[in-house]
Structure formats: C-alpha cells, structure tokens
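Take a look at the structures listed below.
The two complexes that follow have chain A in common; it is paired with chain B in the first and with chain C in the second.
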Partner chain A sequence: MKRKLRNGIREAFEPPKSPGKEAFLRNIWQPTLDYRGFLLSQLHYIRKRVWILSFLFVMYSLLFLLKQTEGSCSYESVWIIGAMLPFLALTAVSETIKSGWWGMQELELSCRYSLNQVIFARLLFIGSGNLITLTVILVLTEKTLSAGFFRTGLYLLTPYLLTCALCLILSGRVRGREGRYGYAVTAAGVSAANSLLRYLEHSVYQPDYLIFWLFSVGISAGIIVYRLHCMKKEMEARSWNLYLAE
Partner chain B sequence: MELVFSGVTKKYGDKTVCDNLSMKMTKGVYGLLGANGAGKTTLMRMLAGVLDTTEGTIAYDSFDVKSEDYRNILGYLPQSFGYYPEFKARDFMLYLAALKGLEKKEARERTKELLALVSLEKEARQKIRTFSGGMKQRLGIAQAMLNDPKVLILDEPTAGLDPKERIRFRNLISRLGNDRIVLLSTHIVSDVEQIADTILVMKDGRFICKGNREELAGEMTGKVWECQTDETEAEKICASHSVTNIRKEEEKVLLRVVSDRKPHLEAVCVKGTLEDLYLYYFSSANPMDTDML
Partner chain C sequence: MAEDIEKQYDKIYRYCYFKVKNASVAEDLTQETFLKFLQQNSYRECGKKMEYLYTIARNLCIDSLRTRKELPLEEEVAGKSPMENVELNLSVRQALSMLKEEEQELLLFRYVNDMPVGKIAEFTNQSRFAVYRKTKEALGKLKKQ
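Up next is the complex of A and B:
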C-alpha cells in the first residue's frame, strides 16, 4: 500500500528541481571507482578460509564418492555430508555480517558505497561460491543414491539453510562478537541433529517424508529472506548501530 | 559550502538526547565541547548521516545528509571504531578507499600520503591489532581524509594521543579548516581552545553557548577570582566553590575560583578562560568533569 501510494504521488506530481545541484556536483570530488569496480574490490576482502572450506568440502565429497563401492549405496553420504554443511553455512553467515562483529559498521555506513552495498557484495560472492559448492556436492552425492537430484538436494539443503536461518535470527538478538559463540553452537547443533538422522535412515529419507524436508527447506528459506529484509530495513533506518555505547 | 541543521532532535523512548538543535556551519573549525552524555556523539552521528533524526533536518548545500552525494564529500571518524582482525594499516586504508569510491591507483597514492601525514608509513604493513591506542586513532584520522572531504567530522579525535601527537594533530586540523568544514568533539578543553574558530558548548542535549574563544571567555567576566589564603581557609573555599586551580606558594595557597559571588574578602576578579567556563557549567552537575580538564 505504501509503495502504491508513493508511486501514485510520483506519477501525480513532478518533483521540484534541486537548486544548484549541478554547481554543487561540479565543486565536489567525484568517486573514480564505479559500482562494478567496487563490487570486484570486495571479492579481495572475503577471507580465504571461506573458499578453502568450500574446496575442502568438495574434495571430501569426491573422496567419499570414490570410496563407495558399487552396491554399497546407502544414505550414509547424505547424513555425513549433510552434517558438514552447517559449517559451510556458518562461515558464509559470519563472513557476510562481520561488520557488526568487528565494529566496522559505523565507518562503512559513512562511505559512498555504504554498508548495505558492502553486505550485498558479500552475499553475492559468498552466495555464488556456496551455490557452486552445493551443486558440485549434490552432483557427487546423488551418484551414491537412487533418490534423484530433487530429493538429494532437499536432504543437503535442509541443514545448510536451517543453519543460515538460525544464525540470522541470532544476529538480530545478539549484537557484537558475543554472537560468534552462539553461531558456532547453532552450527554444531544442526550438524549433530543431522548426524542423528542415521538412526532414522530407513524412515526419514523415504519418499513418505518428502513433505517434512520440503517444509524444512521452505521455512528456512522464508526466515532467511525475512531476516535479510529486516537487516536491509535496519540499515536504511540507520538505527542498527545504536547498541554502540553513547 | 554550508552545513545547515535545523530543529534537530533525537529521542530514545522518553529520553531526549539532542533537543531542537539548529545551526549553520560554513568553512572553518568547530569545536563541540561537553561532558560525557551531553549528546555530542549523537549529534555527530546525525551530522554524518549514520543515524536518523527524530525531528529536524540536516542538509549540506541543500542536499540531504543521507544522500550518496553527501557521503562523497564526508570524512568521518567515529568515537570508537573497529577493524577486521586480518587487516594491516594499509589494508584498512585501501578497504575504506574502495568504499569511498577511490580507484586502486589513486587509493594507493592517497594511502601512502596519508599514512606519512600521520607518521604511520613505517607501520603500513603491520597488523592493526599490534597498534597502540594512539596509533589506531591516527589511522582513524587518516582514513577520514581519504576522499579529501569537504565536511570532516571527528568524534573525540585526540583520545589516546600523546602530547606530541596532539600538537601535530591540532596543526593539521587548523590547516584543514581553511577550505572545509571541520567539526570535532571533545571533552578536552585545550584541544578546542587552540584550534576551533567557533566553540559550541553542549549540555543535556542543548547548546548552552556558542562563539569564539574570546566571546566565550567574555561570558566569564566577573565570575573568575584569584585569592591567596592560608590552608584552613583554602579548604573552606574548596568545599563551597568550584576551584579550577590550587597552587601552594610558601606559607600561602593560591586559589583560582569560579563563582558568581566573591569567594573571599581578598579575592581579585581576573580574566576568565574556556576552562573556567567549562567548570562553571559542568562542575556542579558532575564533579567528575573537572578531572578531564
């Protein structure tokens, strides 16, 4: 409704011209780095551990696949690899929202390419990296199962997305570096829960339980979208650094 | 070049931190003086566009402080800032240069130039976590100047600097104030006294006085006294008045007192300073403030 109203007002009234805008712009320093250049510059500031961890997971999945003998096919690969993925999610979330942990958000907010653009850049690169990692792992894992891409994808995505969702919920409640411990506990908890699924292997990974996996992925994805939306709003309202000591 | 704020108010629930502040700033150095909790940091954050106002407007040459154009010409040093643990001084500068929109070559040149300006060129490749408080502060000042800002907002810039560094910093700020707006906040009176063209004294979220050093010192006419007494009498005066200085001279004690009335029969009225003014406004509210003079 608000957006409709805004668009309606925009269509009905022509905005007044800014007085002296051109003279102002002529007199001020203009950035020499365009948005694309800024985005690329941010790739350099994503810590190497994020990429190393992704690489190690892919390597582990590959080794696991090679170790599997034909006919030994079971859901072992799903719960083992699934139990590792919360840690991939943990590095992704913690790298994306590290500004708050390290007290950089106020400086980043005051820059031309502001905090929300920095976070977007991180999400773009880390998200793409994780997507590639997950796809490779999915392709490798699927070869040991007869469950098909869709079901295998759900089994692997659930622990990953659930960890992301829980960490993002936590990020809204625990500010600063104390959150790190909470995130680590969350990732370990999801990983442990996923490992316990080995005892339910003959039921929970069966097609009858597909709705449970779909529901888990859907809810987790919904929470992630909602939390990212909240974070964007908080940054726009410039109110999220209020926990800093006055 | 004008930074204008009008009716700026910030409330957190029922608490009003900044109360209806208005001012027009042009080129020059502005010193914001006040005790802890006076609302200086909140005002600085609002002027830097990192915190929304509850009421009122802030604009630079009629452009809103939340716009990208404003951030292009802004240099900001927050009261406290962090850094990513793996960062060396040079990385920190290059990272913020990218955020400020400086192309790589330009960023490298500016980084080298500014690190030399704040005497950190030898430490450029050292991890920031190995830095002392003063070194971190100098690095913070350097990053604020990366984009050659037209508006430079420095929140407690001299905190942690040693006397030599403070003198260097003051000289630097005096030079920078020639062609830009520099606003610095502090509770160290001597910092603003020597470099600020205009001094704003803030208390309980309001400006209680504005003006240059002479104008503000003039407000203390008839309120600053000096007297020489014995120790017993001196103790009595200290207990009942705000005393800015005590000096023992042989048998007697020389006191400098800030008071609306003559504190002692032999007291002589003397010219006031900014320190006297600070004590006059802040001592009764919070005795701790005198420790910071």
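Up next is the complex of A and C:
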C-alpha cells in the first residue's frame, strides 16, 4: 500500500483535537501496575532456594568435572550430573504450582492478573534460570566427552524433561500439599532410573541408543506442552466460573 | 503507562468520532468508555484491553445515536495538512464517504488505529479471510475513485 494513500486515509479519519483530553488523563485514576511491573513483581515471589540450588548445581558440576582428566571419566560425568537434574526440575515444578499447596488458587484466580499469568510469568523466570544452568552444565560436561553438544544435551535433557513431564501429570491427579511427596518420589525415581540405566546397560550412551534418547526427549517435551496447555484451559474455565459466582 | 493510555484514548476518540461525527459527543463518549472500563471489575488481563475498550465504546456510540439522533453533523476541513496534500486528502475523504460504513470502519481499524487483522476479525465477529478480503475490496474502491 502506498504511503501517500495510507497517510491520506489517516488524515481523513483524523478527528478534531479533543480539548478535554489532557485534563481527563491527568485526573483519571489508573491502575499503577502495568504488565512489565507485574512480571518483575513475580521475580520477588520466586524463593531464593531455587536460585541457590541452580547455583549449587553449576558449582558441583564445575568441581566434579575439574577433578576429571580428559578421557578418564568417559560417560560417568553424564549420568552423575544427569542424575542430579531431576531435582532441579523438581524445584522448578514445585515453585511454579505452589499456589495450590497453600490454598491460594481461588484468590489468585480472581485477581486482575490471574493465576494463569502468575504461573506463566514464574515459568518464564524459572525456565530462563534453568536454561542458563543447563547450558552452563552442558558446556562443562561436553568438555570431558567427545560426544558433541547435541548428544550430551540429549543425555542431560532427558532426566530433566522427564521429571518435569511426570510432575506435571501428577499435578493434574493429586491436588494440594500431598502432591509434594509425589513430586519428590518422582524426581528421586527418575534420578535412580538414570543411574540404574547406566549399570544395567553399559552402552546406553553409545550412538546406537541415540534414537531412544531422542524419543524420550520428544515424548517428555510433548507431555510438558500438552499439560501446560491443559492447565491454562483449566484455569481459564475456573476463573470464568469464579466470575459467574461473584 | 501514561503514554499507553494516551494512545488508547486517541484510538477510542477517533473511533467514537467516526461513529457519531461530532467532536464533543465523541469526547464525552471516549471519557465515558474509560470511566466504565475502570469502574468495572470483570476485565481479566489477557491482552485484549483494546478490544474491550472498543466494545464499550461501540455500545456507548450505539446508545448515543439512538437517543440523540438530532445532532448536527460536523464538516471539518483538513486545515493542518501542507498545501500539496490538501487535494489528496480531500479526494481521499470524498472517496471514503462513498464507501459503506462497514468498509470505512475496517479501514479505520486496519490503517489508522493499526489493529491486526486477527483482532479486527474477533471484534467484528468475522473470519480473518473475510476481514482481509473486505479491506482489500475497500482499498480497491478507494484507489479507483
């Protein structure tokens, strides 16, 4: 579309100046919290232990990998670090859905920025934090292996995503604080399975098994996306129900 | 925030003026739209604030047109434009007045208030394809004239 015509249309629709605009906007009450402010406010509600744990994971990986000499550790570092990651996922999931544990869901659903947005704001921050942690761990781990970033990434992502997926499935089944124990058992189970797998099948980190890792990551990621979608829909429906009950 | 609400005010005022063709009534309706929006508590922040405001404004404009049919139309002149644009502006104005009100509204939303096609479709209760086609048709008519 020609700029001249667009400007012509703009000019044609331009109304006369509104004389009361300045005074009206000066005197009108406006909500003080905008969307950026809301997002930043959510950062304060994420408990410090989440960041501390991420930092400790990175430090532990660094110290562990520094002790290994190149080639000596082979795939040991992958499964040991991989066995830790379910607990990182556990902190992420439990921090995201903590409103339900404390019986605050209804209250948060009825606010201007509803629980839906609160959860997705927290996911944004925790997810970004975990992404940085995983990237640092991946870079550190990859240095001791000759598997390349892609394969090492798959080996590390699998236990993390699997824990997230299983915890999110569990969050839909078990409501309230009882869920905490379930999440903890899930994280411990995935961690133990990751360790067991290494002992039961020594060649599990060989390229022949790549399809298994790819499949696990794909399925886990799919479940996470599906569960988040379900949670969003469920909360939308609940907030409408609350609105109708006002 | 202040800048945001100023932009929103301008868009709603432009829309109300397009609907009622009277500056003081449009101003009243715009301010009433914002007051109504801020007084109620049914809006949940989900990125559709402008659509919500347009809906309130549209309903207020319809009510106003129903009750105050005798209001005189204001014919304003494009006085602010540079001389070389006056002719074009007048011809665009004339061509716009030949279009249907629905087509004018689509052009206002799309090219003046910079509303995405998807949101126009939601607001006017049409498919995206219909909005796209009608906007293109309206532009075609405008170019012909």
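Throughout what follows, the second predicted complex is superposed on the first by the 203 of 246 C-alpha atoms of A that agree within 3 Å, B and C clash if a C-alpha of one lies under 4 Å from a C-alpha of the other, contacts with A are read in each partner's own complex, and residues count from 1 in each chain.
In this section, a residue touches a chain if its C-beta (ideal position, glycine included) is under 8 Å from a C-beta of that chain, and two chains touch if they have at least 3 such contacts.
Note that this is a predicted model, so its numbers are computed, not measured.
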Chain B versus chain C as contact partner of A:S114, first or second or both or neither: both
Which superposed partner A:I211 touches (first chain B, second chain C, both, neither): neither
Partner chain(s) touched by A:L66 [first = chain B, second = chain C, both, neither]: neither
Partner chain in contact with A:P16 - chain B first, chain C second, else both or neither: second
Partner chain in contact with A:R6 - chain B first, chain C second, else both or neither: second
Partner chain(s) touched by A:K98 [first = chain B, second = chain C, both, neither]: first
Touching both chain B and chain C, residues of chain A: 18-21, 24-25, 28-32, 38, 112-114, 239
Chain B to chain A touching residues, read off their complex: 12, 17, 37, 41-42, 45, 48-52, 61-63, 66, 68-69, 71-74, 76, 78, 80-86, 95-96, 98-104, 106, 143, 147-148, 150
Chain A residues touching chain B - in the complex, by the definition given at the top: 18-21, 24-25, 28-33, 37-38, 41-42, 45, 47, 98, 102-104, 106-114, 118, 237-239, 241-242, 244-246
Touching residues on chain A, where the partner in the complex is chain C: 1, 4-16, 18-21, 24-25, 28-32, 34-35, 38, 112-114, 117, 239, 243
Residues on chain C engaged by chain A in the complex (per definition of touch): 1-2, 4-6, 9, 13-14, 17-18, 23, 26-27, 30-31, 34-35, 38, 42-46, 74, 76, 78, 81, 85, 88-89, 91-93, 96, 107-108, 111-112, 139, 142-143
